[in-house]
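What follows is one structure encoded as structure tokens, with my remarks underneath.
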């Protein structure tokens, strides 16, 4: 699997997919920079009169509810509906799901437009699936493994690939599962790396929407490996934020293969 | 006092308070990163339908008027009113007070909800108290000492702790005063470090709302000391922004005590 | 010409012009930091009730349509109209012009308020002038030289200085042209450096509105030279973003003169 994951990295660099983001104010700069670093081309746009054109010209739309309000929620609905209508991939990041009624009703409505991939921490995935669990803001309270039942429920009911990010990232589709053990705990001290993960998934899925499951794993593996290497070069979260962008930009196949820790489960068969 | 200030730093690291921010677009990323670096947990949320829930679940709300507009002003009023109703601490950063009529009427209204702490530069504090002084944008025109009368007026009329930041930071409550002589002039070349100061005050006050006076001094001392150390490692404001986050994250008690320059005045008694 | 360009750099440092920005969410932090680094004083403000006051108290207004929506478009119209009424300089950055009907109608309306300077990539300048060319998001598809006809048309019809940025930046006014061959391709991997260029043009024009042509060239030359030096010190776009701010802050006349590659054409006369 390592080879095909690295091929996804190269594919983004070569094809420079156009990634449309409706995301939160906190992370717009980092997200755009991470997309540029991996070779993608970011567009941030949310105005109702142009939202459908933006969905149409881009390879994928990423919807992140981090700093939602009534206007932006309407933008998200319009974009998701248009993507569904056109058969284009779109990705959902349910930031802070469970923290307010507004977030819960918004993600419930967005689920109806059947996202191609959902990425969240365990609390968010559980809130999404009404599998209980109140979120402590945007931080995770649960181990990612506890949310696997919720992810399976989401996959069965919407057909979406689900990625539960945490110390171990778990990507689920049907009875297949990919586990990624990369990353470093200091990454939780840089704001918005979850949001960055979701945008990178968008870039990777744009190039291979027919295999969103593996594209999602490739994006998560790249971010985890790059984050791990960058952390080793950093004195704290400030330099990590910077070094991570550098490493997303200049990571080599050798580095990727040296660090990646990934395993796949297909039903009861486990392969590495 | 040094010991109790350092205890506040440790307390934030250990208790990871949830800090709700209604702040400006320019600084959201930095503010969130600074809060994470000191060990707090940031939430940025402004939507009217969820604003009261956010105030309720968080330990403190920070309101910063930097890029206000009609919708956000209403969010600020709702949040401040809810915090007052619940007896929760909330912090006001009157960015650019005095620069427009809109800002003046907004902060006048916000004062009615009795913030726990106000932090601004001398111009902003003076504008707030109608003590004269026209602001030159968000930069300070006045020495912080000139605004002390304004700060005393604010304290007497609203019961709030007031922090005038500048070359010397002055924290005022009743007839007590703490002076902090840390920081470096290069910090004025990094956007939003005043806003960062205000958010850190929020994190510190969340853990000891009964002693917001000393919590405010601890936050200002931490930022000043970390900024001073970070400046010595930096070639300019770009690297300072990065090194500051690293230092907020990894500062030790030894470093803190070595650099801190703080004095306290209680009426006419001065102690160090 | 080198000497007068460097004089512009010094003038900004000495006079610290107040630069009002109505810009996009992605770049607000970087733009503010770049303005501070060169010695200017940034204000970000968009609220309708204060927009005219902000135009009045600032030396220049910079309007960037990157993340426009209905409210912000109205802010832009109000600001541009006020600047025109007061005879104050204002700068237009038509981000993504050509990518949606909304952007095209917005920039068409803004042109009526006769911007002092327009800066965009070749696609954007061409879209602006209806000279054809569909934009691929906010990236350039065209060599800057291809947009020169469009720039001339804009100059003739609105009297504005036009800067087409790209591998070679071209600044056009009447039959005069300044070509700047600085910068580095890695700068296209840092989000918003085009927007930063536009804000720096604002800072430079504020100090010499009577010579916006040369002020624009000075801002572009400074960014290009600083970017070139910063790239040589960087491992990727993350460190470039940081080192660029440092270099904008501490660049010396010697460095500027050593690296600058600028030439001027006046009709058929070329000078260096």
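The letters A, B and C name the chains in turn, as written, and every chain counts its residues from 1.
Throughout what follows, a residue touches a chain if its C-beta (ideal position, glycine included) is under 8 Å from a C-beta of that chain, and two chains touch if they have at least 3 such contacts.
Note that the coordinates shown come from a computational prediction; the quantities given were computed from them, not determined experimentally.
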| item | value |
| --- | --- |
| Numbering shared by both copies at the subunit C-subunit B contact, with half separating same from different | different |
| Rotation angle superposing subunit A onto its copy subunit C by C-alpha atoms, nearest 5 degrees | 120 |
| Geometric centre distance via CA averages, subunit C-subunit B, whole Å | 33 |
| Interface hub residues of subunit B, defined as touching at least two other chains | 25, 29, 241-242 |
| Footprint of subunit C on subunit A - complex, ascending | 18, 25, 28-29, 32-33, 36-37, 41-50, 53-54, 57-58, 71, 241-250 |
| Interfacial residue positions of subunit B with respect to subunit C in the complex | 24-27, 29-30, 66-70, 96, 99-103, 136-139, 188-192, 234-239, 241-242 |
